[in-house]
Amino acid sequence: MTDFQPVSGFVLPRFAGIATFMRLPHVPLDDPRLSEVQIGLIGAPWDGGTTNRPGPRHGPRQLRDASTMIRAQHGISGIRPFEAARCADLGDVAPNPADVQDSLRRMTQFYARVRAAGIIPLTAGGDHLCTLPILRALSHDRPLGMIHFDSHTDLFHSYFGGQMYTHGTPFRRAVEEGLLDPHRVCMIGIRGTAYDSEDRDFARAEGIRVIPIEEFHRRSVEDVMAEARAIAGDGETYVSYDIDFVDPAFAPGTGTPEVGGPTSWQALECARGLSGVRIVGADLVEVSPPFDPSGGTAFLGASLMFEMLCAIVAGQAQENP
Amino acid sequence: MTDFQPVSGFVLPRFAGIATFMRLPHVPLDDPRLSEVQIGLIGAPWDGGTTNRPGPRHGPRQLRDASTMIRAQHGISGIRPFEAARCADLGDVAPNPADVQDSLRRMTQFYARVRAAGIIPLTAGGDHLCTLPILRALSHDRPLGMIHFDSHTDLFHSYFGGQMYTHGTPFRRAVEEGLLDPHRVCMIGIRGTAYDSEDRDFARAEGIRVIPIEEFHRRSVEDVMAEARAIAGDGETYVSYDIDFVDPAFAPGTGTPEVGGPTSWQALECARGLSGVRIVGADLVEVSPPFDPSGGTAFLGASLMFEMLCAIVAGQAQENP
Amino acid sequence: MTDFQPVSGFVLPRFAGIATFMRLPHVPLDDPRLSEVQIGLIGAPWDGGTTNRPGPRHGPRQLRDASTMIRAQHGISGIRPFEAARCADLGDVAPNPADVQDSLRRMTQFYARVRAAGIIPLTAGGDHLCTLPILRALSHDRPLGMIHFDSHTDLFHSYFGGQMYTHGTPFRRAVEEGLLDPHRVCMIGIRGTAYDSEDRDFARAEGIRVIPIEEFHRRSVEDVMAEARAIAGDGETYVSYDIDFVDPAFAPGTGTPEVGGPTSWQALECARGLSGVRIVGADLVEVSPPFDPSGGTAFLGASLMFEMLCAIVAGQAQENP
Amino acid sequence: MTDFQPVSGFVLPRFAGIATFMRLPHVPLDDPRLSEVQIGLIGAPWDGGTTNRPGPRHGPRQLRDASTMIRAQHGISGIRPFEAARCADLGDVAPNPADVQDSLRRMTQFYARVRAAGIIPLTAGGDHLCTLPILRALSHDRPLGMIHFDSHTDLFHSYFGGQMYTHGTPFRRAVEEGLLDPHRVCMIGIRGTAYDSEDRDFARAEGIRVIPIEEFHRRSVEDVMAEARAIAGDGETYVSYDIDFVDPAFAPGTGTPEVGGPTSWQALECARGLSGVRIVGADLVEVSPPFDPSGGTAFLGASLMFEMLCAIVAGQAQENP
Amino acid sequence: MTDFQPVSGFVLPRFAGIATFMRLPHVPLDDPRLSEVQIGLIGAPWDGGTTNRPGPRHGPRQLRDASTMIRAQHGISGIRPFEAARCADLGDVAPNPADVQDSLRRMTQFYARVRAAGIIPLTAGGDHLCTLPILRALSHDRPLGMIHFDSHTDLFHSYFGGQMYTHGTPFRRAVEEGLLDPHRVCMIGIRGTAYDSEDRDFARAEGIRVIPIEEFHRRSVEDVMAEARAIAGDGETYVSYDIDFVDPAFAPGTGTPEVGGPTSWQALECARGLSGVRIVGADLVEVSPPFDPSGGTAFLGASLMFEMLCAIVAGQAQENP
Amino acid sequence: MTDFQPVSGFVLPRFAGIATFMRLPHVPLDDPRLSEVQIGLIGAPWDGGTTNRPGPRHGPRQLRDASTMIRAQHGISGIRPFEAARCADLGDVAPNPADVQDSLRRMTQFYARVRAAGIIPLTAGGDHLCTLPILRALSHDRPLGMIHFDSHTDLFHSYFGGQMYTHGTPFRRAVEEGLLDPHRVCMIGIRGTAYDSEDRDFARAEGIRVIPIEEFHRRSVEDVMAEARAIAGDGETYVSYDIDFVDPAFAPGTGTPEVGGPTSWQALECARGLSGVRIVGADLVEVSPPFDPSGGTAFLGASLMFEMLCAIVAGQAQENP
């Protein structure tokens, strides 16, 4: 398994070297080593669904850069994910920056190949519309559960005169297309001013559980995550983590911030609370480097990706003891 | 009432258009529509009272820009303030950047006209000395109560050899001039290193209630705000919110930061705790764009203005059910 | 004509007030004063044609902000454009951030109305694809000449698998659609690494004059502009000014910078060299605030808009002495 | 004692004047007034031990600048440290930026002179390797206790092929050299991904108490600090405060941030919890201005230095009532 | 003369140490060494005359910081000013940030003491109004000549309803008060949009020579400076250098930038062209750190101060060979 | 040769993908494809020789990021270097961030392997001390000529008490070690304040030609480069390009800027003037991302690397027609 280890900071300093996710080897889809990979870290450099401040197309590259500061062992659990599973950086899916539908097609095809190779994808966005083609690829034959951290539900019907594919609509589409089982979906941290209540009404009607921020702040993270795990159950579950879930003091580099969110510690604890969930894929989206002057958002994002990686590994260990 | 609605993000994207407060119509004081306005959002672009790092004169423009990301409905209460009251952007009061006394006069006159039109002013500063001329205009015949969020009391007698009009002295002057009823004044969040105890001694002598930060952190926001509401009572009350009340991690863009302050969630909860107070005017001051590289301070400030707007509306609904 | 004067800095300091272009009155298309306007300043907040680093959608607002530092009189010629012509800020055209074709339609319609009102439009972009719908509106019945400052020809056929509408293609489309008379088109400042020579080949074949940067640096600005004026002749001419014409040290805030460009003084002299051209419309595009930490690009952009405004006025004076 | 007072903000505004620590007089080691000084503020502008992102060599100058905003009286305890003790800015120790061992020697010599003069040093780093020569100077004849705030233990054996003197190793060396009594050492806030468990194993074997962040967040600051004080006991104790102890939202300007840390309020409370400890020296290290665009890290650092200064003064008052 | 040497970078690295101008000793006005000083570097941390974007009050401290990168010998002339004359940092004059007239008085008194000590002052501003009290102190008995680099004449009568003391009026006042001999005044680099021609009309009427930027760009620096020296003649002359003389690409950190200015090389050459002038005082004003994200403006400003220092030294050498 | 082509922007947008130099394939030294490579782009992430502001260790990663905007064809000459020669990104040499001598050894060994493979190295620094080990590897048996663009000669004997290996000394060492033939060395652009004349004296004594900036500005680039080519002659020549050669307005992101330098156009023309030189290796050093807020320095650096690449290719074409 030595082929799938990060470059050690004792061999090449952490600031040195071509930046791949967590200093893992780069294994493109046409690389013969692909068949050995168990967890694939993937960039989705795209913001074609962004309705206000663009920039997440630059997210994957900055997340790769920041992720080179991540070391091999979890500080609390002691999990060493790169020893527990063969991980690799699969590179970036190629969006079409001038065509939304073509981009969705390209992304679905890319993730279908990842799935066919038996690889669990951990994606760095990109804006939140990225999650739709991933779900299309991952859940083609049965709806998935989902644990979703965000300040927005992304459950809107459409935008600006009927545009149905923006970063505000992916989960509406996913439910409509049967990609998600709404009764196994839990959305955590929803807040901010609203256009109206259309999204919440849809959630209620479909049976999606929404935990708004005021409830989140009243309860403990432990308690919230216990409920989330119960909702997801032991079925296959996708995890979608929008960095704007976290308060903008901790994550300013995002296009649609909402004040009053969780701290970085709460954000980490949420990700740790995924342990035990049967994760078939996960993402960290909406990191926007042009709005992140100190780079702190990308480092938090990379840290959350590492937490999700450990949760995936922990889940697999459970299944295959 | 359609004339007083914000431009919808579905008609003109939120990043587009001339930036007015919350995308409301611009109604200058000489506009015939003024008589219909109930709540007026006003910029006070002034920092002539600033003793250390200048910049708040640029606050109103940046707050307008950030406020275009505010949507029409409160995320928790569901209040839709622009439907509940006729709101407008009244433009900026014109200070004299080279003359403090002339600026105070100009501002008092401007707010006197606003008051005469029966409009509740919600002001975006400017440094904290702005509040003095506003109080002069609003409380000319009877002293007001005040709920004041800040890290400083702004109760000093003078500065630098007898200067009596700086952003450290407005409430000393306001008490001396009888604009405030000290027994109905509550100051929340006071902290930081001090020159001496002169301001606190004055507060104690006059009966002003000061809740320092160490007490704030010990108690719940709910508890603190219940006391604040009790102090204000059911009389007419002014609300003054200095952005440096919030911890500088959440609000770096200000001239006299003090570490150890509330989080953005606590800051929002404080503003929500104003509900039930009979608000005759409010302000959000000391946002200083040159010290706000990511613009997060302005967005938090705009969010707090929206919270205060909803509190004003809620208070009016109570009075006129 | 007093209705169309900028707010004086002696009445309201230049940092104060709602930011319109050059502090002019806001006259939306449905305002009765529209019929009096002679030159309309318009924002085109759009970057749907951007293939690399997005951001120009935020350009118009930042250009408005920076333009409040522009005073009423040209420093060299003494021209006072706001006295010479009735100018107004017509607001922003509303693009559809999620649909390129719909945006092009919306923009063409907006500019058709401007043209119908007899107003010369001076546009603040937006990415360079903006110019295509403007040309569609302005030249519906006869091809226009064009003087084009840029580091790229924007004459490419397509991008990324056949996308024909990006900020690299507007003038290819404009020539194909007969909106421009290629023999009356002059492109100045072209430079940077190239994909290939397809665009230059097209220019040569069509008779478009390209003055690359190495020629520009060899000749004087005066000489270059004399040739440009000769090419445009005395027919109706459009001026398109991409801020990336200027060296990125002077204009870092743009998405596709190319090093080795003109200084700000040369950039101004170029605009001054437009005097005598019969300008039917002009634009300043590709200002991208997220890449402009000190705001200098927007101020240079606003200064260039003022130069173009003076050139328009000078041209009109010539026609109607 | 008037010679050792900070310049008053009522005589010279706080933004004015040559920046010394807290506006204290500059008393170099060869100044005759040195013998009167009781507490010396010292800069250690060095990052020769930094293994990833450099910058702390610029820390002392930025900390001096930020410290000019610190006033004379503690906001809660009312302590006026500059009246309680004769404090001075002793200037910077001169490191050799091209030679680690020479720098260690120079620093040890400097602090030996400070100790010989009976001065308690309060140091502004510099990277954390600075603390090793300080400990060598201060504890030459008996091991000290230490309370250490950090996200890293800095207890590693070596780095990159046997380098034994980096900012990850100072306390390993200090224990090996007998400078610290491991049973009187308490490390608080440890977190982040790890290379391995070598440092924790060493701590356990030697009897050093490590309070990791997950324990810190579970307990109250009061409780944690009570334990820390009990571990330090009433023996002579050094305090070492790495700014990366605090969450990077509050302190982005540091080279090796770890997310999930304490808030600024908790950070201050920790420092206040030092009251009663017999402090023989203290430091605030790893402030890195190039990564601190808004300067907030330096201001937090200066505020923590003031807290530690008050704790030193309180401890002395106890000893010499 | 060893007492007045900068701290060597071989003794204390250039990034280390308390920042004084060019690492010179700090000699306050009440220091007995004052009588030995020949050239005094002084900070004037004030922006009370600023009508638009404030910030120059923070200039002196940032200029001191940047000036620590200046070495002892001129790169072209080989002049070693610190050996040629006894130079010292005299500290900052204390303005009153809340009172313009009091500030003018305080500054005049400070410079009168400097003059009385026979010291030539080289001042770091501060906004341009600073120059008025300096001229009042230096020219009390006979009018001075002046060479003035700027993009504005600063010759306006008043501002905003009669304010006669702003950074746009100092030289109008100085001429009115007889501090300057207008026939020996030369202003270089004037440009930008104008309110009107009032200042130029005044210059013409009084015999002040204005070399506008278009003339500057046409002629060589050598030629322009020869004329300037001829105008100043061999009488006592003051040099006032506003950093906004330089193009904002080279000097973004200033409050009233005007595009189209000289390069840094031209800016240096202008200062070198002062050689031979009988300089009785000089200043470098309008450096505004909040608008200087990379610190380059301060470094250019410090470099220009060094050039002026060498010019002063060269002038003295001429007088006292 | 298709294996050594950059990823096309029409296949994967330029902002997407793992960032290698100019989007070339990554071919580490142990890759079997190494033997096919003709020109190797290499990162030297090191600043262990930096005496003032550190940061160049982060240069290679940022240069890789910026270089993804470079297209395949030179805009003026039409050269397509990736078709003319097999180019690859060889990754980073691993320095030892805690040991200067070990780093020099590691770098010499790395470049010796590159040389043994017959590859011409084009290096992205790192500070200027990097060039010493490169020269040791490339010129082991005969001294090389060198064309050196810089604002400093880097010819000093030692620093800070005898440190002989800093970024101010590499070429002194190289001459002493016989790696360079001083009569074939030309240094262009030297400027700034100086410690003394020791370096210039050494240059004169050894026969090194120094073209200081004042001479550079007087002559044309063409003329200067003709002389440089004549000095280098037709022997093997190394090219060393310090980004601080360029004026800091164009390249702020560097540790030891000197004002008054060339423009970006002059900087490009200098690199183009290398055509015809027999280049055996080249570097672009001293790009320091922490001081480059807008990223413009890295983009200029990448553009200069492309120019040097074309010059290498042109030189080879000459030799092997």
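What to note about this one:
Per-chain residue numbering starts at 1, and chain names A, B, C, D, E and F are given in the order in which the chains are listed.
Just so we're on the same page, contacts are C-beta pairs under 8 Å (C-beta built on N, C-alpha and C of every residue); 3 or more make two chains touch, one makes a residue touch a chain.
None of the values given here were measured: they were computed from a predicted structure.
Annotation of chain A and chain E: jointly contacted by B, C, D, F, touch as defined at the top. Common neighbours of chain D and chain E under the contact definition above: B, F. Bringing chain C onto chain F by least-squares fit of CA atoms involves turning it by 120°, to the nearest 5. Because chain A and chain B share one sequence, their contact can be compared position by position; here under half of the interface residue numbers appear on both sides. With each centre defined as the average position of its C-alpha atoms, the distance from chain C to chain E rounds to 38 Å. Residues of chain D in contact with two or more other chains: 13, 15, 51-53, 57-58, 97, 159-161, 247, 249, 263, 291, 293.
Chain-to-chain contact here is organised irregularly, matching neither a line nor a ring nor a star, and falling short of all pairs touching. Inter-chain contacts occur between A-B, A-C, A-D, A-F, B-C, B-D, B-E, C-E, C-F, D-E, D-F, E-F. Interface residues of chain D, counted against chain E in their complex, comprise 11-13, 15-20, 26, 43, 45, 57-58, 60-61, 64-65, 89, 91-92, 94-95, 97, 293. Every residue of chain E that touches chain F in the complex is listed here, in rising order: 9-10, 13-15, 69-76, 78, 247, 249-250, 263-265, 267-268, 293-296, 299-300, 303, 306.
Within the complex formed with chain E, the chain B residues making contact are 47, 49-55, 57-58, 96-100, 102, 159-161, 163, 165-166, 290-291, 293. Of all residues in chain D, those touching chain A in their complex are 51-53, 159-161, 190-197, 212-214, 217, 247-249, 252-253, 256-257, 259-261, 263, 291-293.
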